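Each of the next two complexes has chain A plus one other chain: chain B in the first, chain C in the second.
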Partner chain A sequence: MRDSVNAIWSALQQPPLVVVLYDDYGLLESAQEEVASIANPSWPVRRVSTVEDALSTSADTLALLAPVDEVATIEELDGGRDRFVERAVPVVVFLLRGGAGERALTQAPSLLSWVRGNLIDPSAQDPFDPDAAREEFIRHAGRTPEEWLMMRRRGELDGSPESLGLTYRALLLEGPDDLA
Partner chain B sequence: MTPDWSLLAPHRPVDSGGDQYVPPPSNIGEAMARWALASGAPVLVGGPTGVGKSTELAQAAAQLQSDRAVCLIQLDRLENMRRLEPERMLSRVAQLVGQPRGGAGQGVSVSDVAKGVAALGSALTIASAVGAAAHVLASLDTQLPPADAALSSVRALARLTGRRVALLIDGLEKVPDGAQARALFDVLRPLAEEADLIAVAPWSLAFGAEANEPLVRQGERFFFVRAPEVEPVETAPGLPFLLHLLERRLQIGDMRRQTPAGFGPIFRDAAVASGGLPRVFLQLIADCATYARLHRDADWPELSDLEDAMADQRDGMRRGLLPKDLKLIQWVDGTPGLDLAIDAKVRLLAHGLLLERVTPAGVVLRPHPLLRPLLREA
Partner chain C sequence: MIWRELVDQHDAARERGYPKVEMELRKRVAWLAERGHCSRVYQGRLSDKTKDKRSRRTQVMIKGEQSPIGDPIPLLNLPNVEHPKLWIYALLDDHDKRLLKFTVRLDARWAADKVPFTISVELDDRTMGSGACGHPILHCHMGVDHDRRPQFRLPLPALTPWEALDWLITQLDEAHEPAPWTAPMFSRAAP
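The block that comes next holds the complex of A and B.
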């Protein structure tokens, strides 16, 4: 199963550089938090906005680079990627999906050749397929989301974390009212 | 046994003289060194990203060590090559030729100078050689213009060691196209008269519209590092090379005997999918090993892990494509690509999206194997 969480975790094991795309500026913060939460908890985390700041972090620090000027950052990383070769923990560069920085990557062969396997686009890697998600839920819970919610409303479920998690997923997958 | 997959380090070129070096079928590093020794003419080297240019340059440095005072200058570990100005580059050359080793393998150390002198049986003692090498540093304090400081450092090193200097400059393929790249090579010309110059060159200058003009001077030789053939798997020279590379990086004596039976097909598929590019191959193996750990907490990958790793690489490769690239690639597949616009050809070759393959009929262009599913969709 290849999803964005797996892909981020895998990429974080492969320093020195990782690129994560995000959908809009409002999601940048949560994208950074998601990466930090997936990373090895023993890694110190630093948020930076320039390549120079990223270079100044120690090699065993997870540097989350959210550039102010994405194009300049891509050009600088393309011209000086080897300055990061000694890193034990990667620098993660956040780029707006479809933005100028991502477009600049097509003109940055040196950088792109380094990040090819470490370029994470959660929106492309996690397409939501409701039918597959329902099937997965039924396989896991042994009943449909609607049946699960009915049991919940009747107080037949315990308060375990797994039960609460399934209830949350069932709420997201619940069909129209007339099916419930 | 459980391999330490982190040793694969796909982004790290092998250091000069390092025991992890595996000669590629083309043996370019040795060929470059031989050419430089025989002719004294500048040597330029190019090839797609990830093919091993830096590794071959480091190997050439190791090969030259016994005959030359060798300075391997990895500019791209020190500078943003996109903004590198000629004077800055010359200052770096001057500094690194005269300076003790800085930890990243740049330059030649004072002790190297001393050893070199001793090995040559010079009248200088090691102590005096060290003292003399300090004069190289001192010459940098005279506020010479960078071009003169670089020239002076090279001459001083040659004088102190009694050897001709070999200057190997890595990273110049990353400078932007056009005038800036040309200007950087222009200022290297006087140094190429004093020393053997071996430098990685930008594709645009080696193959672009100005390819007929010498980059440094007449007589220079361009070496092209091609990805070794990986198909057909039974006979392609790339497979034994990549297997040996994997053994050296993982520090495993014999992969065939020391790995589970299921790893054979994974190695073969990864080798073919890499197109023979060592960095892509190592990245695929490293990624699929990571997925094995992630998915099953397993020490060895399965084919499904490799498929995930290939999908990651393919996604990244897709980012390097411009809207009409897939059609262009289909159009020139199997041809020498003579009708392809030069800028598109240079870009696609530099990215490794098109690979040059030697056939009985001559050199033809082939799409990178990871692009095949995208080409079928197109």
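The block that comes next holds the complex of A and C.
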């Protein structure tokens, strides 16, 4: 059940460089906050906008690099990978998905190869198919989410953790109009 | 009437409990990991990425390795209890930007006499039971488990999921005290 949170957590354990794609400039800050919340809480966090600023942070600092010039940043990273090898805590580079920086990354094969395991695209890693989830629920619970919730409303469910988890999943799959 | 006021406060807390719920919960899981009370991997498994665009709801939970319905966090280094497991769930309404439901639940056995117990803070998504006194919208189950007596449902003030988790952790480890008596908010002049 790996998703982007887990992928970011795993990538943060593997310095020196992590690349996270984000969908919209308005979401950059929340993407940075999310990465910081997933990181080891003992790591100091610094937000920077250039490679030089990122390298000026101590090696045990989580540097969140949101480049002003994404293409120049990719070129600089591609040409200066040796400068990062001492880092105990990664530099996380945020690139706009589908933007110039991501395109530049695909044209820097050695850098791409270097960061490939640490390249996180949340939109690609967090798909949710409600039809597949419904089928999975029926396989797991032996009834539909609506039938499960009817049992809950009649007080027929036990208080086990299994019932609790299934109730949350049924409420997720239930349409808003179904709430009685 | 106090019970109806409590309902209003609980409903108001649904909006306060909506933003950044997973980040606030994750901070507490990170604290537990820092103190050696759980594996650090759970920080990376507390996720809000189960989003159903059709129902416009989001499920926050500890993602399981195999199970689609979430896993508990096995807690460690708590000498008074055995086999403690912590479940964290929240369900968000992304359309109205409010918290629909949450559960923060600990199941364990007392080390001294092996008696099982459960402590479960629950915000209901809908009114249940006969009324606001007997079945407050936000309450805590305390008992052997959810099915055997003695089983009590205690009313709680309007807590968010992470505040409920603060309370639960503080019952297990006093070092996690978000509001120590020595804090300025509690300083009082001598009588």
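Everything that follows uses one rule, which is that the second predicted complex is superposed on the first by the 132 of 180 C-alpha atoms of A that agree within 3 Å, B and C clash if a C-alpha of one lies under 4 Å from a C-alpha of the other, contacts with A are read in each partner's own complex, and residues count from 1 in each chain.
We take it that a residue touches a chain if its C-beta (ideal position, glycine included) is under 8 Å from a C-beta of that chain, and two chains touch if they have at least 3 such contacts.
What you are looking at is a predicted structure, and each value in this text was computed from that prediction instead of being measured.
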item	value
Touching partner for A:Glu33 - first (chain B), second (chain C), both, neither	second
Partner chain in contact with A:Arg169 - chain B first, chain C second, else both or neither	second
Chain B versus chain C as contact partner of A:Gly79, first or second or both or neither	first
Partner chain(s) touched by A:Gly117 [first = chain B, second = chain C, both, neither]	first
Touched partner set for A:Ser10, first chain B, second chain C, both or neither	both
Chain B versus chain C as contact partner of A:Pro41, first or second or both or neither	second
Residues of chain A at both interfaces, chain B in one complex, chain C in the other	1-2, 6, 9-10
Touch list for chain B against partner chain A, complex	6, 10-12, 49-50, 74, 76-84, 104, 171, 173-175, 279-280, 283-284, 286-287, 290-291, 294-295, 308-309, 311-313, 315-317, 319-322, 347, 350-352
Touching residues (chain side chain A, partner chain B) in the complex	1-2, 6-7, 9-11, 13-16, 51, 75-76, 78-83, 85-86, 102, 105-106, 109-110, 112-119, 121, 124
Chain C to chain A touching residues, read off their complex	20, 22-23, 26-27, 30-31, 34, 40-41, 43-59, 61, 63-70, 72, 85, 87, 89, 91, 93, 95, 100-101, 103, 105, 107, 118, 125-126, 141, 145-147
Parts of chain A lying in touch with chain C, wherever the complex brings them together	1-6, 8-10, 33-34, 37-38, 40-42, 122, 125-126, 128, 130, 133, 136-137, 140, 158-162, 164-166, 168-169, 171-176, 179-180
